[in-house]
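Shared between the two complexes below is chain A, which has chain B as its partner in the first and chain C in the second.
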Partner chain A sequence: MKNTMKNIAALFLIFVFSGSMANAQGWTVPASAKKKQNPYEATSKNISSGKKIYNIQCKSCHGDPTMANMLPLAPVAPTDLGAQNFLVQSDGEIFYKVNKGQGAMPAFEKTISDEDKWMVIAFLRSFDKNKKVKQQVAEVKNPEVTDVKLELNVNEEDKTMLAKLSGLTDKGKRVGLQGIEMSFLVKRSFGYLDVSGEDPYTNETGDVQIQFPVDLPGDREGQVNMLVKVTDDAFYGKLEEARVVTLGVPTDPVNPLDERAMWGTRANAPIWIIVTFVGGVLAIWSVIFMVLFQMIKLPKLAKSKD
Partner chain B sequence: MKEETSNHSRRKFLKSFGISVGAAGVVSSFSLIGAAKAAAKKPAEMVNLLTQDGQLVQVDKNQLRPTVTEPLDELQKRGREGIPGKSFVMVIDLSKCRNARKCMDACQNHHQLRQDQHHINVLQMQDAEHTAPYFMPKPCQHCDNPPCTKVCPVDATFKRQDGIVLIDNERCIGCRFCIAACPYSARIFQWTEPKDAEKYKDLTYNIEANVPQKKGTVSKCLFSADRLREDKLPSCVSACPNGVYYFGDQNEDAVTNGTTGETVRFSKLIEDNAGYTLMEELGTKPRVYYLPPKNRAFEFNGDLLNEENLH
Partner chain C sequence: MNDLPKQKETTLSFEKIKKDILHPMQNHKGLELWIVFLITVISVCGWAYYIQLKDGLGVTGMRDYVSWGLYIANFVFFVAVSLVGMLISSILGLLRIDWITPISRIAEIIAVAFVAVAGLVIVLDMGRPDRVLNVMIHGRFQSPILWDVTVITTYLTVSALLLILPMIPDLAICKKELTKASPIMKKLYNILSLGYINTPAQHKHLHRMIRTLMVLIVPIGLAIHTVTSWLFAATLRNGWDTTIFGPYFVAGAFVAGSAALIIAMYFFRVNYKLQDYITELQFDKMGKLLVAVCLVYLYFNLNEFLVPGYKMKTGDDIHLKELFYGNWAIMFWASQLLGNIIPIILLVNNKFRKPLPIMIISLFVLAGAWFKRYVIVIPTMLHPHLPIQNVPENFVHYYPSAIEISVTVLSFALVLLIITVLSKIFPVVPIVETAESKGIEVKIDA
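The block that comes next holds the complex of A and B.
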């Protein structure tokens, strides 16, 4: 009993404190903006695309929601966006703050599309313990499965890839898993390029097909390293498959040193420069030698004149 | 002609220097191996060592091996060749730069520079009286037609196959022709003893990071060539808190943002955002691309020296 009282008191304090902090920072949100509701439903599809956007745009400062691993910036550290005292705000309030930014927080009004921002808000709401917006409706329910498998099919002709996600039901039947988001990633030097396209969700049979970009460079043979995975580990744990596919455009890297150029070192200097330089040096030295030679000849000439 | 001969003697000197350094390395490694061998005869003897993360551990003395450092020649050779098959490019998004200057700090740390020396500098720009001011980070542009390498009389600065322009300060004679030739003012000269010269004086010269720095030679941005060899992004790129920098391989048509880790198509990024290069009318063909400062991610009050702008 005492403990719960303490907890409540602590929560209250945090609440008051965060309120005053918010005021101190001067976040004033107009009443009309506060009233806005997230026009997108909190489906697992929207939440997972929100998560993707969050990881790219917000995570570097705010850390993972509820983990309180934000960047320790001074004077005001970024808020944990999964914390309940943040989520007490209305959708519209969060949307407004993301748009306008403040202090070290950038304004995302023009850099992230409205739709993407709402997705992020849907994702953040999924941490809301009060579930002000209840998890929405009409979602596909996959049966409980074990031994989830990811199979890949590559069609090199028309540059498509087909991934199939299936699991074993308790009756021992293999069924396709529906509505799961997959990521199709191409390995590049410093990261993975996402080529999943607009709608990489599995259909009723557990299949999802993507079109590989027609103009993406591969190595000399057109090979690229692909990584296909279930985007969100939360569903079936880490499930991924790496494979080398020949879907890229065969690219021969150009070595700028193969050509002779003005900017090259001695070994790569243009022939005409080498010729002119060596010719010039030879010409000057031969003139000098000629003069010397004539000078040696002078006394001889004088003698013969005598 | 005089230049040729002086250059020759310099090379001779360097050669003998290289040999003596190499010899010292061999001698010291012999003594270490000797110690290890001697220890092998005794029953296992443990030594206390401090690991990098600060833990005290015990290691069997017989297991000790001298660390392998690349000899100068080897570093020099691979530094000149570059990384085959790559063609590095950088994209700087001016709409996101808010003068945090974290890139400069990281760079100065990496290349042992003083606070007033810049391989990369965040400039405060205003193109004309009625245009909006903006911040512009400016590293070496790693030109594909670099005027700087054309003028070097001793082949000390050069371009490698992956597009990076480097300086070999073991060769540089400090004539500063290259500083005069560079239209981007990307190069600096070490007029005085460099920072921490005492501390780093025994370090083998690493051409790909240009450390230790040397008095009387030139230095400039190297795209962190030593980090690229380990598939790491350049120091400035990974240090930026505001997602300003993208870096990648043009041959792969992909660049990765140092802050968010997001990888995007290079050609699409440039096309969608009207990317440009600096002073392209000079025909230098820079490898650093800029995205214009439009749709900024922060409010800019126009006061360049205001502390508020330093985030």
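The block that comes next holds the complex of A and C.
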């Protein structure tokens, strides 16, 4: 009996220990996976779409790259993905880890497309001090400009929107700025809805056109609050244009306080609760008043001696 | 010496019953001193309430987290105790259980006093008591608060009627016998006795009215404490969000009410020298009743704490751990053990159902019941679902301030004063019913 207990205890300890060993060793990535290279170029377009995906999928735990503002999880906090000691890994290693996950890190093998994952890796690489030169190569070169302007043209007829980004060169000539990602955002109840579509990058003339969704609810007149901006403030600082446009589907808002409900005002109390309350009060108090009325009879009964 | 008590019982006559019960009402020096003492306490504590009225509820210990503090716990306790009127004079009365005859009026007096002050406690808890009528004017049918105000008012009315109506024959006797009473009292007896001279027609008519009210008060009594529990259970907060809160409160109310009745019985028996009427039989039976209601309450407590304690779901776990072995453990376990479990163990033994021991045990049960209400109300308030960020230190703890405690003492003194005054102007033991139950002929002169 004693031995069995000992054995069980020993097995338990081995089990616990091996678990912690595996933890301490960290992630082992197969050599074949390590060799993989990012098939996408580190263009500013790819990097900025990588940033977009990063903000949606990774930021909530890992925080901003290089800012070390990750979620303080225990026992292992998420890594700062912009830190140099993370970026010493090959593209393939990062890709493998994103796919497989470990511990609190989910496996993204099936939830994010490979292309998107590579975009994120391209974005993270832009923080890599050793590879900075390489990522500049494919970038679109815009001339040095001042007085950058964002112009907005709304075509309410076919529900399209044209944004034009231009700047003033040192020769005093206004030129379109190419390859800059724009964000077309519609204000909803809680935050903004991105309606930018697949390819919201300015062309050689600095224009980008998007199709506004045909089924987006607006207010009674179909108006919505638009916010158009340059996605990444890093290029020309904060550039945005807010406008009320009549592109939404006219919708009568439903106020939950207008219907009869438990949360409603007194006037909108559910019928059954009013009936129960008033009915109960009337029933009980009519009996009470009946008894009070009967009390008046009592003195009279003294005289009718029988 | 040995056969004296027995002989005494056989020699009871209508005249002796009248004398025994009416005598202490007028010839009790201590009673007046006691009333003076209570009025002094009320005046001193009334000054504390004046400060609260002048400076606002900031003078209490209540802050943003604990906005229902000592006052509401006390309110729930008062409502609970008042339920004894419905239990004794109505439920047991309708079942025609005869040993309750001498104590049913005490039960009704307790009910009226406690429910009247319970309503007042709510007003004392208001920062702007001048707006109390807004509850009626603007109250929402969906809010348990409107239901609570309604049902407490109704219960007070019916309890007062159930105190007065069965007393009409006794009041007719008071009118004749209490010759030394002040003119105002004589007028009161005259009005309230409604010309009753115990004709068969009057007797029948009166008892039909009483029986109607006895039936009526059962649903009202259940409603008063169920609705009070809904004030808590209609929220999503941990510790209150439970489906059994209605019956749980009703069961707890029977415990508190029975204990209060036993204590009152003891003091009337001793001070009014009513040993021949409130006999050891009544204490024995009340002891058994207390065990029964305590067992029901224990059963509800098991369900109320064992089932969530087994699951320990998020949110509940903080609350329950605080109660089981955290900051509230002493109060929680003291109220469970001293206020429920140990009394059950003691009271199954008939030695402890003698007047003095059972009165002392009932004091513990009543104190336990009071602390139980405190443990129900405050710990839940200390753990909101959405805690405030950077919350000031005095939000996360609650200690009643001296003002709050004084105002609570005021409410207790007021209850005792109402009970004392009612027992001074009205016979605490029903004269006519006692005589009738002993087969003695009743004669009331016109």
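What we mean here is this: the second predicted complex is superposed on the first by the 223 of 306 C-alpha atoms of A that agree within 3 Å, B and C clash if a C-alpha of one lies under 4 Å from a C-alpha of the other, contacts with A are read in each partner's own complex, and residues count from 1 in each chain.
Following the convention adopted for this analysis, a residue touches a chain if its C-beta (ideal position, glycine included) is under 8 Å from a C-beta of that chain, and two chains touch if they have at least 3 such contacts.
The model shown is predicted, which means the values in this text are computed figures rather than measured ones.
When both complexes are overlaid on chain A, the residue A:G191 reaches chain B alone and has no touch with chain C. Within the superposed three-chain model, A:K297 lies in touch with chain C and out of touch with chain B [touch as defined at top].
Looking at the shared chain after the overlay, A:T111 reaches chain B, while chain C stays out of its contact range.
With both structures placed on the common chain, the touch criterion links A:I288 to chain C but leaves chain B unconnected. Once the two complexes are laid over each other on the shared chain, residue contacts for A:R266 go to chain B and to chain C alike.
Of the two partner chains placed by superposition, only chain B is touched by A:N255; chain C is not.
Once the two structures are superposed, chain B and chain C can be ranked by residues of chain A touched, with B on top. Chain A residues in contact with chain B (one complex) as well as with chain C (other complex) are 262-266, 281. Residue ranges of chain C in contact with chain A, taken from their complex: 138-142, 146-147, 150, 154, 157-158, 161, 165, 168, 194-197, 199-202, 205-206, 208-209, 212-213, 216, 219-220, 446.
On the side of chain A, the complex with chain B involves touching residues 56-57, 59-61, 71, 101, 103-104, 106-108, 110-111, 186, 188-194, 213, 215-217, 219, 251, 253-257, 261-266, 281.
Across the complex, chain A is touched by residues 1, 84-87, 95-96, 98, 144-147, 149-150, 155, 158-161, 163, 231-233, 241-243, 247-249, 251-254, 256, 259-265, 295-299, 311 of chain B. Listed in rising order, the residues of chain A touching chain C in the complex are 262-266, 269-270, 273-274, 277, 281, 284-285, 287-288, 290-292, 294-295, 297-299, 301-302, 304-306.
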